[in-house]
Every structure is written in structure tokens, then in C-alpha cells.
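Should a chain be cited, it is by its letter among A, B and C, assigned in written order, with residues numbered from 1 in that chain.
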Amino acid sequence: MALDKVVPQNGPEEYEGREKYTHVGTRVDRPDGLDKVTGRAKFGADAHAPGMLHGAIVRSPHAHAKILKIDTSKAEALAGVKAVVTRADFAAGLEGEDWNILENVMASDTALYDGHALAAIAATSSLIARDAVKLVEVEYELLPHVTDVDEAMKPDAPVIRAGQQSKLVPEGMHPNVVNYYEGGHGDMVAGFAEADLVIERHFTTEAAHQGYIEPHAALATLGNDGTGELWCCTQGHFIVQKTCAALVGIDTSQLRVTASEIGGGFGGKTTVFLEPVALALSRKANRPVKMVMSRSEVLRATGPTSSASMDIKIGMTKDGRITAGKGVFRLQGGAFPDAPAGMAAECSFAPYNLNAVSIEGYEVMANRPKQAAYRAPGSPMAAFAVESVVDELCQTLGLDPIETRLKNASREGTKAAYGPTWDRIGLVECLEAAQAHPHMQAPLRESEGRGVAAGFWFNHGGETSVSLALSEDGTAQISVGTPDIGGSRASMALMAAEILGIEYKNIRVTVADTATLGYNDVSHGSRVTYASGLATINAAKDAVGKLCDRAAQRWGIDPEAVIWEDGCAKPAGPNAGQFDPMPLKEITKRMGRTGGPISGHFEATPEGAGVSFGVHIVDAHVDRETGKTSVDRYTVIQDAGKAVHPTYVEGQFQGGAAQGIGWALNEEYVYGEDGRLQNTVFLDYRIPVASDLPMIDTVIVEVPNPGHPFGVRGVGETGICPPLAAIANAVSGAVGVRMTSLPMSPPKILKALKEQ
Amino acid sequence: MKIHQPASFADASAIAAGASGITRYLAGGTDVLVQLRSDLVTPDDLIDVKKIEGVSDITKNQDGSWTIGVAVTGAEMTEHAELCQDWPGLVEAMDLIGSTQVQGRATLVGNLCNGSPAADSVPGQVAAGVSVTVIGPKGERTIKVEDMPTGPGRTVLEKGDIVTAVNVPARGDNAGDAYLRFIPRTEMDIAVVGCGVNLRLDGDTITEARVSLGAVAPTVLLVQEAADAIIGTTLGDEALDALAKAAEAACNPIDDKRGTIEFRVEVAGVLAKRAAKIAYARAKGEAV
Amino acid sequence: MSKIHVTTKVNGDEVEFLCDPRETVLDVLRDHLNLTGAKEGCGTGDCGACSVTVDGRLVCSCLMLGAEAEGKEIATVEGIADGEELHPLQKKFIEYAALQCGICTPGILVAAKNLLEREPDPTEEQVRYWLAGNLCRCTGYDKIIRAVMDTAAEMREAS
């Protein structure tokens, strides 16, 4: 939908309950804005250190091969080369996930995928390092490989690594099947028997990459004394600290990690790839080492999401009641366990109140890079499959897709397929907002269809530590341990401003390094506004308690008799005494003489994260002669609980939708017969460009989360869950073909049209 | 890698003729630098042609034909109003390559000499009847663009040869050209199929036509049968169907990460029809 | 490999540097001139994060060799603001939250500024196609396009 006239989205505040808040819910300027529009902001690759070397990695060109010999002598002889590392330079005896991560960071005896790292070189310039990489001679013994999830489960599939299978996996399955999940409730046989129509479909989705524009980058300094400094772009510098320390064999506390500004992560920067290597090289060379990935390294050897093969069976009565739902989800996670099959299964039927539901997930290994989280891991694929079948049922029975979802919607008290009973949730409100939205009334042109789909993400709590310090001039500084990936610094400041009663602009939020705070879980799971926000609020309240104490002291009354309101200490009631309100600045001005600096702290692992449902509406046109799909109009409706900064919430909705559109239409990992990745650059890994997308309209629904003081729910992830099915449903509406394999690229749609 | 910046084509040719390793010419660099950065090709000698006189000129000659310098960028072509008016198909074929940023550097000659079967400007050049002037150890000669590509990544040019100018015919009256390509997104993709059509009318009847297809064979094709299908017609439905069939028959594509054989053949026919209609409208002087 | 000595102008200042023949203008800006505003997102001219203008022409600095910069005038994101006075585009981007992570922002600002200098009244479609070579993974482009078009309107009004 082209704009005739630009309508700025910075409209008047219209959110429910807005009157309650002074700061929360306002559209303030982000604190990192000035740095980012002037080019001053420092991202991962923007750091330099005196005497710095540049690192480069030697990578396997084979999908599966024994590494017989690595000869680095010619590389070491090149002028300018200062250090070489292989697996031997990392810690031995690691177990569990630490071992998995190390094996992925630097191969031991087997190259497990095309691009797998097996050695690294540090040299005085990046050109010399890259030239040196070409001089490393590796002897391989090629092994048979497998990249497809279903192929990897077959009896004759090459074994990726024996002995990884958990006891939960059903008897007789191939060793590549490493984990199994099951859940559900009710009588499936009776459920399907009740249905007037049962549809069973098979779906496949291909792996997609998070596609952050900033490649991984790190600058490391590690001494032989075991003390180190690391600068890197990451979603979680505390986990980087913990993991790197383990992998290079030093104490966690001796490594200080600073998070740079991050150029996108979406889950892909919640683990380590380059960082331990840079540290190991630095230790060997006794100089700082900088490493930056090229785009093809990012695509080949970081953590895309899983590819999936799914079977869905849903039964519905002719008046639109879902009587039973069954989903089986097979996901490959690369040559390692932990593909998000369980989460896919758990999210799949979340929007539905079902008496009979059965969900199963299989985690499979294949010769591909170790998967990493990508925005609601597992949920988008599952939503694609289930929401497509629900749509097909509605189409076949002549039922309205939104009305039918309302009829079966999960509400407070509904038992989810994966066990818990929903608390207060906002799915119904989202569906109703979709129904009422003008988008639903807009006329459609020839070969254009409208698709609707729902989506869900759990959202996460996670370990969180926040510190707040007041300055004598009455301003505040807050240290958080969660890198800012979506504007959270502004949101923290807004929440603190609300509690402290001072201006937003008088609060500076910094993402502190690992030496400054207790452990913080990664910025993932849409947890930051919720958990760091809750911690910030509590740290502010802690500080407010101390401010009240100081006022009480000054007034000579009981601290219980002092309240905090509008940024001032006030007597709690007329019995407390007649005192003028004491503003924060008054108190901090004297704090050195009245007991010392005033700070607030909060450390916890909050449990009350609220889930977020979303509903998307999309109009798509299909060119019948070429199969090309254009997305003409898009609306995102999602429950945010309480939008602390509405513009950033909109931004998360739009960003998630855009990634979903790319995944639905054009993004995929293409492996050749030889198991090598064929599309290693942005030319052929096709993310949406500006001309591919329309404006993305947003509606923020606010059904407060009881687990947060302001009702906040995470919003970052749900946005990517509905688009895959919404677009498939629109394509079906447009030209009558049901696409069950992603991406819905033009050759596939044209083929389906011809077979119609 | 040694960078040379010769002041004349003769010097450039001599350097290339005498070089012992991998040699590349540098105009816009939008292929050379990509290949350098991905470690596909590291030239031993890189010969920058941009210091040679006249390489950035777009000249309309007395007879209405055009001479385009080898360092003229796509952006400069698009900004040249008269060239756009005469040869909109040629210009749009060049204009479709890459982004605005790539257009700021990319050249017709670079696109041609890189030898990709999917090069966007080449079907536009072939349809328009463009030729290039080449000098080298064998002296000076003119080569028709359709005779340049010999296979993926290869041209007829030999060691020491260098293109010195692009020659575009005079447009003449009652004529029009068009280029269309199929890509999965709206921008930024390599053509999955490309089609250039150039035709001249006498009244409503097509008297001359050239149809070129890209990305559907090891080299860009000039498809005589497709032209024959529409010459002598007024481009009615029957002629269009015959055109599509001839285009499909000429295809010899591969299955790759960008498209299947089946898809390319089908879409070649679709684009041939659509491009022909646009060229026809332009020949009639209609706004398109 | 011997280095090449280059004299050029960047954001109006004359600069000199030595570079390896294989280094690009992007490498030179970031590693020799301390101008890290331009970013490498892909190294192949597909993402536009390295966008600069050369003699007023929008290009990817990763697709130009440092040696080619001799005698040219290069403009980067660091030169857009006039001291502490931000360009209307920069102000609008902050106001509209037309950036999230900000990695694509320098390239987009350079590209958008170039567009508005050539075409003060672009349509939404023109803006989208002009910026097609600037990939953004965070915003879905919506707020970026609004910011550019609204800035264009404001600048037209002011002139």
C-alpha cells in the first residue's frame, strides 16, 4: 500500500491506562541515537588496540571429513604471521554444552560441516592473515554426509556422532536422533472421530539465517597469567565470559568482557564463535588480536535456525470447533544437539483451547553448522504448519478464519498442550482487533489474496542484575547487564524515571561490563524489557527506600512515615508531621554528609514473564505467469502487555514481520550434492530489500502481564511467528494453491499453479 | 597485486600482452573487487582504464549512432536524457544491475567482459545491435556483442585485447527497445531470465526485430527464430504465442540455486511476450 | 608488496595515506583514517552499509580500491552533520526511531542524503528503490521510509 501522504507514527498517546504513567508509554529519543546517526557508535569491528594483530580462520571445505593432518608450516613462515592455533590450544576435558560449543568453535578430529573451523592464524594485517590461511595444508579423509533432516533419520544415514542420544528417544531410532519431546492431553482417537473434517498435511521449511548486517567481531587480549579483556558484539557478554573462560581454560572472573553496540543479533549472537579463538591467538602471540568474520563465514559457519519437516493433523466440526490436533516436528540442529524441536512442539497449538492435543518433537543432527536461536526458535515453523492447516479447514468448510480462531482461542484458564494453564493472556483481544481492523475491509485486486495467522512466544525471565547510582546533582546512572538490541536503554530509563520521579533525560543507562555487575542472562527470549525492566524498577525502589530514609532522618520521623511521590519525599499523612516535599536533588546534594552515596540494587531470576500472542493480516498478489509474490499490505497486531516505549514496540513488530516475509518467500539455505553451502553471500541469500515491502501497520494491544509491575510482556519474538502461514494463506486465497514447503519461491508457486 | 594506470589504450594493451600472471582490467570494479574480496581471483596485474582520455564520454555521432566510453557508469547512462530517449531498453538493462551504489560504478563493458550468462546489460546490448571496438596484438577490430561471450565467464578476447569503445547504432524512426528480467525479489538479484527486444515498425507492422535472451544458456543468445516469429506481424496474440514458443525452444538452461530448467524455459516465453509489447508501444511513440 | 601513497579529500579535509594495493576505500577509511562510520556488512556490494559518495556519486566503498581515491572528494556519514548541528535527516531518524541497532544507519543516511540532493520530492516507490541497496534487518524499512519522506517534505518547505 503506497502512501499518498506520509502519516508519522509519532501520534498522540492512545494506549489504555496511559493516564496512570508519566514516563512509561512516551516516545522519547533513544540515548544511543546521536552516536548512531553520526557514525560515532562503536560496534564490534570498530575497536583498535596498539600492537593489534588480525586473526583469520582455516575452514573445512568438506561437509564431513576426518581431519588427518593440519600442516601450518608454510603459513607460519609467511612474514607477518605471529601465531597459529588449533584445537590443542584450547581446554581439554570439557563436557556437555561447553564441549559442544568448543567442538563447533574449533574442530577436534572431524570436520562436521562446510565451513567448520579447524585452525586460526594471527598476523600483522588482515590481508596477511587471509593469505596465510591459504597456505595451511590440511589432509582430509572424506566421509559420507547428510544435510536433510528426514534423510538424517534414515537407517543408512551417516552417523554424525555416536553416543549423543538421550534416553527419551524411542527405541530403534538412528543415532542422529538425539532427543525426543512429547506432550499433550485428551483422547486423540475420540477427538478425531468427532470431527466432520480432518486434514493431514506434511510441511517443510528450510534453514534461515538471522541475517544481522553486522558480522561477528571481537578484539581480545589474553596474557599467560590468565587475565584477559574482550570486546565483542554480543547479546550476552556474561555468557561470553563464562564460555570463553571455560574454553580457553582460565577463571571466569579473570576475563572482563565489554559488549560493544550490536549490529543485530536476533538470537544468533547468544553464543560464541570467534571470541575464544581471538583469546587463544592473543595468548599465544602475546598481543591483542582482532577478528572479524566475512559475510560468507557468517552464513556458512555461525548459527542459522533449523530446517524442519513437520506433520500436522487437525479435526474440525462443520461449525468450526477444533476437536483434535496432532503435530510431529522434526528439526535438525546441525552437527550438534539442541535443535528447538521441543519448543516448536510446545508453541504449535498454543493459540488453541483443545480437549485433545498431541505434540512430538525430534531433535536431529546433520552435517550443517550448529544452529543458534533465531527469534522465537521453533515457533515460526510450527506456526506455519498449524496455521496453514487451520486455514485450509476454514476454507474447505466455508468458515471465517478469525471467527473460527476466536471460537477455539486460548484464554485465561485454558490448559496449554505443553502443560501449564494460561494466566491472563491477550489472544482474544488481538483476534478482535484484527476483526475490527480496516485492513479486513480493504478491496482485493485480481490474483490477490488475504491471509490471517496467529503466533505465540513464551518470553523469558532469566538471571538479572541491575545497579542504580544517584549523583549529587540529582541525576541517575543505571548499569544493566543486558546488551541493548532493541532500544532497551530508553525503556529502562523510562521505567526508572517513573519510579524516581525525575526526568527521562536525567537518567543515563549503560550496558556495564562483566566486572561491574552480577551475572546476567543473555538479551534473548524477549526478556530485557521485562526482566531488566523489573530489576530496574526494583533497584529504583531500593534507592527510593534509601532516599526516604534520609528524608526521615532529616525530619526526625520514622522512615515508615515517609512516602515517595512526584520525585519527592513526603510525609505519609498529616500525622507524620508538617514538612514540605523534599525533592530528590535536595537529598542527593547532601548524601555524602548524611550517610554516604545512595544506590539501589536488584538481583533475581524473575518467574513472571508474560507470553505474547500476535495476529497478522497480509494481502499478497501472485503473478500467475511467473509465480512471483508481492506483499501489498501488512498489519501486525500483538499483545505487548504494556508498551513502555510504543515506537520501539512497533519497531519490533515490523522487524519480526519483515524477517518472516523473507523466510516465507525467498530465504533458504541451499546445499549442493557435495554438502557445501551454495549461497554464501547476500546476493543469493535473499533477505527483503526496501522495495520488497509495503509499510507495515501495527496495532499494540495491551493486556497487562500480572508478573510485571507495569504489565510488560516481551515483544521481540512473536512478530516472526505468524508471517510464514499468513503469506501462505494469502497465496492460497490469491491463486488457490496451498504451499507447504518454504520458501514459497516463484519456481515452486509456478509449478503448483501448473499442477492445479 | 600491481596496479597500473596507463594513459592510453595502447599502453594498457601492451601491459596486458606482456603480463605473466592473472590480468584484469578495472573500470567500475563491481565484479573485479567482489572476486578479489572473496579470494576467487587475485590479479597479479590490475590495469585501471579510467585515466585514459574519453573513457567517460557519451557521444552522439553525426549519423545518430552513439559511442559510449568504457568507463561510463550505469548511473551516467541513466542520467543522459537523449540516450534514454533513443535506447530506453539498453539503458534499463544496464540500470537494473545491482543497487544505486553499484550503478555509481558499474559499466557496460565490465558487465559484458565478466562473461556471466545472466549479465543484465548484455541482452539489451545484443537486441540493440551494439558492437565493441577492440585493440590488441592482432590490431583493431569490431566485434558484435552477441559474438563476444563464449561460455560462462569467458569471451573471445585474447591476451592483450582491450575494449576501447561501445558502439550503439542510430535509433532511426518508428523503433523501440525494451529489457525485462525475472528476479525473485524486486531488486538486488541476478537475473533468473533476461530478455531484450528491439524492433522497428512500418505502420503497425514489425519490419525488423532482434530478440535476445539471458540466463537461459551458457551464453547470452540472439534468437533469430524469435525475431522471425514477429517480423511481418502486428504483434497479435498468435504472433506473441509464436514468439514465446521460439523463446522457450532456444533455452538451454541449468537447474541452480536461482531457478529450475522448467521455470526458466516457461518464464523466458512470458518475458519475451511482455518485452515485445513494451518495445512495440515505444516504437509507436506511446508512453509506457 | 609495496604500498601506494594516496592524497585525497575526505569530508572536506585533505588526507594522505599509504595503502596496500588490495585495500578498498572502506579498509582505508576504517583502518587508516579512523573513520569507522562506514561498515563492512558483506564485502560484495550487496548490503550498502559501506556507502559513501565519491565526487557526489553514491557508491559502495567496498567496491573501490584505496588507490582509486587519488584526487577525489569522498563524503562519509561523519561529514553529514555540521559540527553539532545535525542534518534534518539525522534529526528525523532519531525522532522516528528509523534505526534500531544502527549498523545500517550510516549507509542509509549517506544514500538518503544523496537522493534528496538529486530529487527533493521523491515518491515512496522512488525512495524504496533508491535504498534497495541498503539492507536493514531490524526495522522492516517502514520507519526509515517515513523518516526520509517526511524530511524531504520539511526540506522542501524550508527552501
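Keep this in mind: contacts are C-beta pairs under 8 Å (C-beta built on N, C-alpha and C of every residue); 3 or more make two chains touch, one makes a residue touch a chain.
Because the structure is a prediction, the values reported are computed rather than measured.
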Taking each chain's C-alpha mean as its centre, the one farthest from chain B: A
A-B or A-C - the one linked by more C-beta pairs in contact: A-C
Chain A-chain C separation of Cα centroids, rounded to whole Å: 29
Distance between the centres, which are taken as Cα means, of chain B and chain A, whole angstrom: 44
Where chain B touches two or more other chains, by residue: 37-38, 186-188
Where chain A touches two or more other chains at once, by residue number: 294, 681-683, 688-689, 691
Residue numbers of chain C (touch at least two other chains): 22, 43-44, 46, 129, 131-134
Residues of chain B defined as touching chain A within the complex: 37-39, 182, 184-190, 192, 256-260, 262-263, 266-267, 270
Of chain A, residues touching chain B in the complex: 130, 134, 294, 296, 625-628, 630, 665-666, 670, 678-679, 681-684, 686, 688-689, 691-692, 745-747, 750-751
In the complex with chain A, residue positions of chain C that touch it: 20, 22-23, 30, 35-44, 46-47, 49, 76-78, 80-81, 86, 90, 93-97, 99-106, 109, 123-125, 127-129, 131-146, 149-150, 153
Contact footprint of chain C on chain B as seen in their complex: 1-3, 26, 28-30, 33-34, 36-38, 42, 46, 48, 50, 73, 75, 98-102, 104-105, 186-188
Footprint of chain C on chain A - complex, ascending: 2-3, 6-10, 27, 29-30, 32-43, 45-46, 125, 127, 210-215, 261-266, 292, 294-295, 485-487, 647-648, 650-651, 654-655, 657-659, 681-683, 687-691, 693, 695-696
